[in-house]
Amino acid sequence: MKIKSFHGGVHPFEGKEFTEKKKIEILPLPGTVSIPLAQHIGAPTNPIVEKGQEVKAGEKLAEANGYISVPVHASISGKVKGIEDIDHPVAGRGKAVTIVAGESEEWIDTIREDKNYFDLSVDEMRNRIREAGLAGMGGATFPTHVKLSPPPDKKIDTAILNGVECEPYLTADHRLMLEYPEDILNGFRLIMKILGVQRGIIGIENNKRDAVEVMRQYINNSNNIKIAVFPVKYPQGAEKQLIKATLNREVPSGGLPMDIGVVVQNVGTAKAVYDAVAHRRPLTHRVLTVTGSGIREPKNVLAPIGTPFQDIVDFCGGLTEKASKIIMGGPMMGISQPHLKVPVVKGTSGILILEEKESHLRPEEPCINCGRCVLVCPSHLLPTTLQMLVYNERIEEAEDLHIMDCIECGSCSYICPANRYLVQTIRHGKRQVIQARKKAS
Amino acid sequence: MSLITEAVKGIYKENPVFRLALGLCPVLAVSTSIINAIGMGAATTFVLLSSNTIVSLLILLFGKILSEEGQKSINKIRIPMFIVVIASFVTIVEMVMAAYFPELSESLGIFIPLIVVNCIILGRAEGFASKNPLLPSIADAIGMGIGFTLALTAIAFIRELLGSGALLGFNIMGGEFKPVLLFILPPGAFLVIGIYMGFLNWLDERKKRSS
Amino acid sequence: MEYSIFQIIILSIFVNNFVLARFLGLCPYMGVSKQLDSAIGMGMAVTFVMTIASLVTWLLYTFFLAPTYENVFYSLFNLPIQDVPDLTFLRTIVFILVIASLVQFIEMYIQKVSPTLYRALGIYLPLITTNCAILGVAVLNIDLFFIDGLPAESSFIHTIVQAFSAGLGFTLVLVLMAGIRERLEMIGIPKPLRGLPIAFIVAGLMSIAFLGFSGMNIG
Amino acid sequence: MSNIVRLGIVLAIVTLIAAFVLAEIYSVTKPRIEIQKKAKEREALDYVLPNAKVLEPVSKKIPIVNDEGDTLYQKEVVEYYRAYEKEDSTGLIGYAFKAEGAGYSSIIETMVGFDTWGDITRIKIISQKETPGLGALAENSEPFEGKKWSTQQFRDKSVEDLKVDKDGGEIVSITGATITSRAITNSIRTEMKDLLNRIEFSPKDQTKEN
Amino acid sequence: MNETADKLFISTSSPHLRDTDSINKIMWTVNVALIPALIMAYYFFGTRALWITLLAVVAAVATEALVHRVAGKSIRIHDGSAVITGILLAFNLPASAPWWMPIVGSVFAIVIVKELFGGLGNNILNPALAARAFLLASWPVEMTASWVSPREGTLSGISAITSATPLSLLKDSAEIIANPQNYEPGRVQQAQEAIANLSSSYSNLLIGNVGGCIGETSVIALLIGALFMFYRHVLTWQIPFTYIGTVALLAWIFGGSEGLFTGNWIFHILSGGLILGAFYMATDMVTSPLNSRGQIIFGVGCGILTVAIRLWGGYPEGVSYSIILMNLAVPLIDRYTVPSVFGEVNKK
């Protein structure tokens, strides 16, 4: 297959060597977990448990609220301590169900292997996916069943499995591919079946040759799945850039992948799809990478959703003295956290801990018009111009220059020699555009 | 407002050049030497004074001899009439200057006929003289004329001093001084007026801040 | 000595640029250069009016005002040449009236014939009456292309070419200025300099850059 | 009578009054303006040929032709002047002419006088718009000391001598303004050569007295 | 380990990783890249070249510090941009320039061209070049009248005019050949020889053994610096290569005295300030277009103007004017070369 790359992108320090050779370890049962009611894009869920109620692991805690919404489940067994506001790693604050672990671990009894799972009806598959609470694990946490139900007028011809993991430091998807290749492939086949597509492509970056080999072994006898290997470049894993590089198709500005017949799913999502359809296992745990110069023993960890970061950090030998910044996710798009009490959520791909000298934002210097931000922008925008327009509150002109097409990958801010706060300002500008649009309608 | 304040406002507060940015072309073009600046300033002041006077008188006359309705309809040809008045005075200046000050006339060149379109003049005729009695109109014209001349001279001062090392033709910077030709070339005019304007703004701001 | 048409074009656009070297049309140059769109509109309007005005004033001057051999009193009424009245002293009055009414007329005409063009140029036309570049080019044509009151060779063609290229030169620097000022809007110019002062300094620098054309292609 | 016409008439009357006034003033100033214009040329002529009492213009007629090729009229152009020593136009002592050359940023006009030997008496720059402080120094007419450009250096030069130093001649050029110097020198040489041929000039057969 | 539970960590928005390049690194890279040319200037023009450079740099840096101080900004002279301005200004002066000239030029560059617009990053014209144009217009005699001849330098074997710059020699010779009637026959012959011998001067042009401004003559030294800048990713190819390519093409087409397509384009590339201009001055990011399409237009524009001025203009050299003229057009170029956004082509 002829592989084209996309225009733009950067090559940050990779930092994967801390954890790429480390097997996924299972976190010892935490004492308490706080499971937020909102962990996906869409309406938050309605809780169906009460304070003081005993729950089993895997039991549904809250019901989906509408179509673009998925339920959440208990990740450990124990007693519901309360449903109250806590610090949320993405949303700032949000309601969560707090469970105090019981004496022993008890799981619900519906989790069973279903030998003939592949023969289920497509609707049943979607139903199981939804009931299992699946939201995309690649970061955006969009409800998976919605993505797998394209409207009839959108003909989907290709499914892409996103194993790129272009964020520096993170290795969770990498380990997943090495340790659960069969589950992932089965999940991918299910996705292809649900979408009714004949062609599946697994995209992997060139710094994960071992994963490429393993995946290749497992697909060797199916000719409708291929692997595409990409040069290491951030943000290769971003959906639009991945599609461009794989199929040389461009998602229209303001459109969705399904407009050009493609659906992209993360490898973690694929494994979760397999678990949900074949085992009726709800999404209660996820793999995350704990890494960075500020942690003593970097690891890949399988942790129950809702586990406070503190427990995970302790499991990894604790922080070093110099640790001064906690990031949920990778260094390019991750969100910094003020403390370690926040819980793991469905979209937590890693916890990155940086030292003092890496943590500070350098002061903004004058833009010298060097054009590097323009060169790296994968959306072909003019970040410095957009920033100037937002600074001068000329939002309409920013909109004309497609500020809404920014995927917030941060490449521009990364590369800027003047430390301009580009993506930061652009995000602010996007919010203003949305407000203006709301006001207009 | 007294006649004095009427005349004084044109010099600093409403200086036609630095504040109102009117009639820029002659300011830049003829400010290469103080002599030219004063000549241009005098010519402009003369036209300004004469046209303000005549316009004010005309309006007075129409008010006396015409009915309400007649005044209204005459109003429609007000502007062309003013232009004719102004153009006549400009032509007078042009001819007199060519006859008695040929050198000045040559160095001011086409900027003499262009006094016609200097918006200070039509602006004052239309904006002031046509609405005010005779004496304030004259005071206004004198003030604006002096303001214009002073601004022109201020610019010419710098340009002549730095650009040719002389003032009024007398070499005053000494033999060692190598004149900065740029200042008598066109770019010098733009730079000097820009910096003057910035300086005045800065003065204003400082005054505002201290008060 | 006379210039060729090509030389007139190069000279009027670059070497003796109307705004930067001859200091004509500064009011619109400073006043209408804040935005690119209006700069383009103004540039087109000025070029257009300049050309028409030069044409009309040349005809008037040659056939009515100056005691030329084309003067109507000579060519139509067969007055002896020395009796043809010398009305050149009416030049300023006639030109300005002609330009003022011409602008009115052009405005009405365009409005009727091409509403789109009117929408593009309409608002700039009235501003042009008191723009000294129009009268300037008309007077300059007389100064340059008449020798001792008689039209020099090809003076009509040269007049038109000079007026049109002067308009182009005006448009060029106006549009450059507008581009620069739009950029200056967004950056941190020291406060006392914002607006006109910095625009003048830009004009000064622009004029320095245009010195690069000086001495070009004369003779 | 419609209002517009009435207003038009009013305006016309105003304009006519203005024109009338101007015509009066013009009739007063016109002679002076003419004198001023002539004075300049006259002054230049007197300067370049200081001993002349009478300067007689020699004109030629240039036919002005229309598109069909008919001659419309003859245009009179002064070609050169003859200078006479005596009031009664006798005693030819020299000639004067105007040379034009393209300099750095303008066309430079020079009045040139030469004697019956074909040697230049004096020159005067009549008009130029060269760079002030540079090309404009061409007007300098201080006594010539052999180092710095002065119009005085043209005295007693003959056509053959007219070349600037950079081109291997004797004329000291203006520092940093060779273009201007060249324009003046070359324009004088070309036109003078041309003129000498046309008037079939030959140096008088007598020794020159100083 | 529980004390960390209550500790507040640093919060900033993403990205949390930054490239290590900075303005300071970029600017100092350029300064280092200019050193070989400075050494060659010292070799050919003597210590005077060093003094002029030093004066220009000190004046530029001191002025910048002073302006920042007066304006109440934090002084940021360490970024090295004023040093570049100083060096490049000096490189654009003849070694014979009087001592006050680099100082006046630097003050003009920093105050009028740079700081009045708000300082680094905001100026619209290249400060060093605008200052050079200012000096040239103000003191044309001092700027052009006497060229220091390099050590034992000869050009085309005509020793009488060794101190002329290669381009002024070319221009004068072309003028002589075009109007032979105005010159002594000997001069005409000399001029013809000079033109015929241009190619024999290539090696002198390469190492810089010719008359000219302090920093412009040594092509080799300038190219070494340029390679270093490419290596440090300070340069992209667009501006320098389109610029030089355009000059070569147009000089070849129009630059010959025997009709079209006879011009000596190699000579045009190697002489004058083209190499200095194309690699060090047209590439100043502040005053050149943002994205590569714009940069190509910019480079081509500079090339056209340079050749036009060299061949038909009043100056023998057109590099500096062409660059500042194109600087003026940068906002327009930027405006009309906005890249089409990802996905726009496919929009129905």
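The first chain written gets the first letter, and so on, giving A, B, C, D and E; residue counts start at 1 in each chain.
Definition applied: a residue touches a chain if its C-beta (ideal position, glycine included) is under 8 Å from a C-beta of that chain, and two chains touch if they have at least 3 such contacts.
Predicted model only: the values in this text are computed from it and were never measured.
Colleague: When every step has to jump to a touching chain, what is the lowest number of steps that links subunit A to subunit C?
Modeller: Graph distance in the chain contact network comes out at 1.
Colleague: What chains touch subunit A and also subunit D?
Modeller: The shared contacts of subunit A and subunit D, listed by label, come to C, E.
Colleague: So which chain is the furthest away from subunit A, centre to centre on CA atoms?
Modeller: Of all chains, D has its centre farthest from that of subunit A.
Colleague: Consider the two chain pairs B-D and A-E; indicate the one with the greater count of contacting C-beta pairs.
Modeller: Answer by contact count: A-E.
Colleague: Could you say which chain's mean Cα position falls nearest to the mean Cα position of the entire protein shown?
Modeller: Given all protein C-alpha atoms shown, the central chain works out to be E.
Colleague: Mind checking the centre-to-centre distance between subunit A and subunit B? Centres are C-alpha means, answer in whole Å.
Modeller: 70
Colleague: Distance-wise, how many Å sit between the C-alpha centres of subunit B and subunit C, to the nearest whole number?
Modeller: Between these chains, centre-to-centre, one finds 22 Å.
Colleague: At what distance in angstrom does the C-alpha mean of subunit E lie from that of subunit B?
Modeller: Measuring from centre to centre gives 43 Å for this pair.
Colleague: How many angstrom lie between the centres of subunit C and subunit E, each centre taken as the mean Cα position?
Modeller: So the centroids are 36 Å from each other.
Colleague: Tell me, which residues of subunit A touch at least two other chains?
Modeller: Residues: none.
Colleague: Which subunit C residues touch at least two other chains?
Modeller: Residues 89-90, 93, 97, 187, 190, 193, 198, 201, 205, 208, 211, 214-215.
Colleague: What parts of subunit E, by residue number, touch at least two of the other chains?
Modeller: Residues 112, 116, 118, 121-122, 134, 137, 140, 314, 334 of subunit E each touch two or more of the other chains.
Colleague: What's the complete list of touching chain pairs for this entry?
Modeller: Those chain pairs satisfying the definition are A-C, A-E, B-C, B-D, B-E, C-D, C-E, D-E.
Colleague: Hey, which residues of subunit E end up touching subunit C in the complex?
Modeller: 71, 112-113, 116-118, 121-122, 124-125, 130, 133-134, 136-137, 305, 308-309, 312-315, 318, 320-322, 324-325, 327-332, 334-335
Colleague: Help me check something: in the complex, which residues belonging to subunit C touch subunit B?
Modeller: Contacts found on subunit C: 20-27, 30-31, 89-93, 95-97, 100, 129-132, 134-136, 139-140, 143, 190-193, 196-201, 203-205, 207-208, 211.
Colleague: Okay, in this complex, where on subunit B does subunit E touch?
Modeller: For this pair, the touching residues of subunit B are 178, 180-183, 185, 187, 191, 198.
Colleague: Residues of subunit C touching subunit E in their complex?
Modeller: So the residues of subunit C touching subunit E come out as 36, 175-176, 179-180, 182-184, 187-190, 193, 198, 201-202, 205-206, 208-217.
Colleague: Which residues, counting only subunit E, touch subunit A once they are in their complex?
Modeller: 1, 4-19, 21-23, 25-26, 76, 79, 118-122, 236, 285-292, 295, 334, 338-348
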